[in-house]
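As written, the chains take the letters A, B, C, D and E, and residue 1 is the first residue of each chain.
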Amino acid sequence: MRVHFKKSYDEDIRLFEDWRRAAKYGVLIALMTALPFLISDYILGEVTLVLVWCIAGMGLMILAGHTGQVSLGHAAFMAIGAFSNLWFMSQGMHFLIALPLAAIFTGVIGAVIALPILRLSGIYLAIATLALSIIVEDIAIVAEPYTGGVAGVFAPPIEMFGLTIDRYGSPKAFYWMCLICVVVVTLGYANLLRSATGRSFLAVRDSEVSARALGVNVTRTKALAFGLSCAVTGLAGALYAHFIQIVNYESFLILISITLVLQVVIGGLGSIHGAFFGAIVVGLLPQGIAILRDFLQGSVGIDISAYPGIDTAVFAAIIVAIVIYEPLGLYGFYMKLKAQWQLFPLARRDMFRRSKSYLKTERMR
Amino acid sequence: QTRGVTDDEIVIGGFHDLSGGFAAFSVPAVEAANQLFEEVNAAGGIHGRQIRYIVEDHGYQVPRAAQAANKLVNRDEVFAMLLSLGTPHNLAAFRVMDPNNVPSVFPLTAARQMLEGPEELRYVATASYYDAVRAATGFLIESEGIERVCSMYIPSDFGEEIHMATVDEAGDTDGVEYLTETTHRPDESDFTGALARLREEGCELITVALTIRPTITVVATAKQMGWDDARFLVSSAGFHTAVAKVPGGVTEGLYAGAGWQDLEARMDTPEVAEWVAAMQERTGEFPGTGALLGRSAAEALIRALEEAGPDLTLESFTAAMETLNYDDAIAGNRMEMGPGDHAGATEIFISQIQDGGWVLIDSVETE
Amino acid sequence: MKDLNHNVLEVRNVETFYGPIMALRGVSIDVPEGQIVTILGANGAGKTTLMKTVSGALDPEKGTVSFLGERVDGDEPDRMVRRGMAHVPEGREVFPFLTVEENLRLGAYTRRDGGIGDDMEMVFSYFPILKERRAQQAGTLSGGQQQMLAIGRGLMARPRLMLLDEPSLGLSPLLVQEIFAIIRRLNEEQGVTMLLVEQNAQVALNTADFGYVLEIGRIVMAGEASKLLGSEDIQEFYLGGGHAGGPREQKRWKRRKTWR
Amino acid sequence: MSLLSVTDLAIHFGGVKAVDGVSFEVEPGEVFTIVGPNGAGKSTIFNLISRFYQPTHGRIVFDGEDITNTPAHHIAELGIARTFQNIELFDHSTVLQNLLVGRHTKRRATWLEDVLHLPRSRSNEREARRAVEEVIDFLDLAAYRDKMIAGLPYGVRKVVEIARALACNPRLILLDEPASGLSVEETSDMAFWIEDMQKDLGLTVLMVEHDMSLVSAVSDRVLAVAEGKPLAMGTSAEVQSDPKVIEAYLGTAA
Amino acid sequence: MDVAQLLIGGIANGCIYGLVALGFVLIYKASEAVNFAQGDMLMLGAFLGLTFINSDRADLPFVVGITAAAICLGAFAYALDRFVLRAIFGQPHFAMVILTIALGFILRFAAGSIWGYDPVSLETPFAGEILRFGGLTLAVADLIIIVATCALTMVLWLFFAKTRLGVAMQASSQNQMAAYYMGIPVKRVNSIVWALSGVVSAIAGVLFAAKGAIEPAVGLLFGIKAFAAAVIGGFGSLPGALMGGLLIGVVEQFAARYAPSGTAQIAPYALMLLVLILRPGGLFAQIAQKKV
């Protein structure tokens, strides 16, 4: 196990605690940048979608993981991001302006919506956001001039620096664009977490009472977290619109919100890594299952597709298995692997056996 | 070399809702299509090629539909898409299908947008909800002497079409007035308030664009309120054997306008009986709307592939599709296409529930 | 009389972990029938962990726990209660949304006899304020009142062995005296065996028959309570004796305990 | 002028008169202790001062400013920090992070600066770390700096709570039973710390405590309350020898 | 007149929401877990009832069939908790949320595989029967639903408030470790309450099916609304669940009657937001401020 001897406060404030870590992430980014040259367009498209989910997941993670406020209606904010981005573009705005503007717009709407529903917490907040997303669904139909009504709106191709960025026409460029967004959002998120603002989020999550006693304005903090979360989710929504290329009210149904919650919990609440792990599971697992199904049918002759819906059932069963094996999400699993690797060969096999644990009421806040 | 076509195989794709709210359409449709494909394959396939129908599940989520389309087009390299379900889902998939010249054959959505786009890549099986409801409304206005029409709908692409059809038909007919509408969500389960309002307004004919369960409740509630002279008309989405079978006769008198005929009444037709028996054997159930649509679409595809000959290309397929002209015994309609006409059966059948079964009262040719 | 040969509770070589953290490193203790045994130890020594391991709230990784001659390690905590063990946990742990009375009744959950009402009156006589507040939600009681409730709830089980984890926490001096008087009385009159963890070592040793000293997950000393009271180390580290006379500044020079 | 003055404070919960006409003044630089039987209303007085409860009656003045209607999250900024009887830490954070939250009122960078990590955010961070390290040093918490709260023993948490309150740089610190759950040795450490807070840091301390050895060791003045009403006031020795206090609170053996 | 009829319709329908909401509340009350598969339990109950009752299936008398369905679903729910959910005992509630969401998918798949995907109707002895008094009409099915819901709410409320096991369940939800220290077999108690919730779901399912057709996806939509009803009532309160259901049911009818079309369908959700903003803990708030 490596031990750090810290010599200045900056070492704690820095993003990476040492050069090894920095190098590790450097290699990862380099690999991700080179990815389009290594894989087929089909897989690249899937990876791109995973990147979009990563951003959306980070959006929800800020709220659910770091501020302890659950939203069951985050797809609504993806919708707001998507529709506003497309509307800004249809007004002749350049994509590079429309994209951040859509995020800001969604963030502001989120913060405004947050104000009245801030007094809620737990499932009460969850159901309120769910209601909101149902209402947004209907607004998306009524607000036809902006959203195209039931028919929806098509995303125009993005023209930038003399080249056209199109999910199918130029998948590599689209991928890189998403990658840049992911990196930027991740950096901002990491910055947030190492600052006073990020800590006030954690404080509100763990104990509102002491947060208040320490001078944290709980209402304002929650509104800020909600706004930031919505802004990031809105950004993801805008990218998603360009990925899917046509969006209508049905592109953002409740099931998408639920999938997002599933994603952050499976990934591991309360860590940026979790948003990524979750996105990978939610984004790639169904495709993996489908490919495995085809493979089974093609090579072994087992035709599980004779049971309609089995793909989803298998997906659900795997989720069940993950939750049972690792209730705190894949991030916990990742940390264990890491610890065992570092302790090798001293690690005990049963070192991470779960000890009995008990819950207490969360109705006292 | 045509994509998805090898010497011994033709790969067809489809994305479906096998696990979400529309599984009631998708699952039987896939079952029926597979039933026919298995039959054809067992008989040696089409020009020596076996049909492989790869079905992906999207659970009615657009992103998963886009993923499925990406897989089917870019990985499995399918020749065509058959019966894919969902309006935004299909629209999103078109973006990857069109550049790759993958035709969309009879998607499971009656939205009018399914015919927009490159002509050689778009085929729909029957008239849209719009046409069907409009024709049926017109028929009822005439035959029942109705002057005031209304509608109850879910504000969605499906609901809006039916609503618009009602409004347009009333607007285009002299002496008929479109009065009002009530809007709903798919999760609603009681309609006392909505019906009270429509009754107050004096509606005589109400077009209903709801899912099956609420449709049953609407008709039952109207009866319960003693509102006996109201006529309710559903589209193909509500034209389901289960609706007629509700115990207690609560759905008696309901009208439907759809692009096909109910199966039960035609069990004396040998093809129908044979197919129903085959499906019952396969699924243990009397085939419903989804199965019928699946069967029709698969049959049309088979016929076109057969017609296109051993040298299967997009061009030969397009040509073959455009020559389709036959009586679909199972749907009870006429499948007919031609150059520039990629909508198959365009006749509208108007049925009513009488004595626990759908009875055909009339048919109307659209266009 | 007190039979030293018959142990109600025997703990042998118990090792308990919190994930990778080892909190008990091979602890063995005996609690003889009818005695009061106390466990002393600094903060974080593992006293609470030991109590939880005994009552089944935690499972030991190694070692055994026997209660009334039966091996019980790995059992669920409710089985212990049915066997006659009551645990008054550290930090109150009352049911906040239930009333005082409901909390007390739950203390007698496993009992089927008719004496519950009498026992409730007994608890009320010890802590009259609880009677006054019998219909109040336990979560709105003051800290000390909750502690009284937790102890009272433990008494309601009429156990053979009672585990008390810092029962005097947050109680007024008057009540601390009363609590220990109650402990002694129950022990003498009803023969309840007690395993007691207490920061106030003076009172604990005065009350107990036998004592163990736990440090960093190990038993470092054991003996008759009276002997321990006389021990110099105990004097110095647990009773605040030692250099009590010396200047304060001298004690501020953080001395490390000999066995650390 | 007194730093904190409480006048005729009262609050009722349904039929329970938790605090019922309590007045006292805390002078700058003193250690003022409130004692009283369980349920006397001591913690409630703290909750009133830190504005978690709205008094039904009475006035609270801090440093000449009436804070009877100030929102709770402004209290820390004014210079009042507190600890809790039942320990309210941020369980899923490290000790260091807990203490850093204590510096919340001292930050100057806005959230946007934080997200972009602009220089002011960084200098805030450095400054917060420096201040927190001083507290860690003062309370000897270095060994626990990067430990999660969830796995710490009770006694250490108690100290972390005090450290977090100190990290606020308060003028008045409210300690609710700082020694409960501490061993004899730790309690005497606590006495030194409180003395240091008073002498070295120049803090005013308002404390609730049941351990009379600690109360006698550090208090300048003691107020005894019972059933929400004041019972006696004076030096520690005076109050402890008051027969009413002995009867209601101390018992005969003390 | 009109208003009275609307009220009756709303109440009858609200009772169904309330009935399903009871299932949510039961589990929450005993473990503070939210069962996102509750709607699917309703669907299972309906299909089980249909299997026992319909003439082309087991063809049992209605009351026998509903009892059999209740027993089966109760046993199933017990087993589900015992063999699946117990594996994450003591883990954060989030894990339970995800687990039940995933189980919902599996249940829908299973139901589809067993009973098919086409809508089917339940045969009831009171189908289409209507009671008239004055100018008002009430379907017999509705009457049965109202009576059953009120009775169930009452019985369950008494059970939780008065019986030893009921109080033990509440205790288990508030502090699992302390409940264990009282000798309450918390895990078994959880399984029992799941079984109980299964029984209630089966009854709800059969009554729900009596008003129209069912298919595997039916729980998905309906579950959300019942969840909303439970939350409006103050999640954890049994009378609250009923009140929440009634409120949604009645508002729905009045909105459909009087609100401008195009907005009527979102009225219940808008109302729910309003209620929660005004009373953040729902009508019968079950949350409290922590005493420090």
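The definition used in the following text is that contacts are C-beta pairs under 8 Å (C-beta built on N, C-alpha and C of every residue); 3 or more make two chains touch, one makes a residue touch a chain.
Going by UniProt, the chains are A, E = Branched-chain amino acid ABC transporter permease; C, D = ABC transporter ATP-binding protein.
Predicted model only: the values in this text are computed from it and were never measured.
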item: If a chain touches subunit C and subunit D alike, it appears here; value: A, E
item: Steps needed, at minimum, to go from subunit B to subunit C via contacts; value: 2
item: Chain whose Cα centroid lies at the greatest distance from that of subunit E; value: D
item: Farthest-lying chain, centroid of Cα atoms versus that of subunit C; value: B
item: Intercentroid distance (Cα basis), subunit E paired with subunit A, Å; value: 32
item: Subunit A and subunit C, separation of their C-alpha mean positions in angstrom; value: 47
item: Centre distance in Å when subunit C and subunit E are each reduced to the mean of their C-alpha atoms; value: 44
item: Centre-to-centre distance between subunit D and subunit A (centres being mean Cα positions), rounded to whole Å; value: 40
item: Sites on subunit C at which at least two other chains make contact; value: 18, 57, 96-97, 139-141
item: Residues of subunit B engaged with two or more neighbouring chains; value: 19-20, 23, 26-27, 155, 185
item: Subunit D residues counted as touching two or more neighbouring chains; value: 43, 52, 84-86, 88
item: Which chain pairs touch, all of them; value: A-B, A-C, A-D, A-E, B-E, C-D, C-E, D-E
item: Subunit E-facing residues of subunit A, complex; value: 116-117, 119-124, 127-128, 130-132, 134-135, 138, 142, 209, 254, 258, 261-262, 265-266, 269, 307-310, 312-313, 315-317, 319-320, 323-324, 327-328, 356-365
item: Subunit A to subunit B touching residues, read off their complex; value: 40-42, 45-46, 49, 134, 138, 141-142, 149-152, 167-169, 240, 243-251, 253, 255-256, 259, 283, 286-287, 290-291, 294, 305, 308-309, 311-313
item: Interfacial residue positions of subunit C with respect to subunit A in the complex; value: 17-20, 57-59, 61, 96-97, 139
item: For the subunit A and subunit C complex, residues of the former touching the latter; value: 339, 348, 350-353, 355-356, 358, 361, 363-364
item: Interfacial residue positions of subunit D with respect to subunit C in the complex; value: 13, 16, 36-40, 43-44, 85-86, 140, 151-156, 177, 180-188, 192, 210, 212-213, 248-251, 253-254
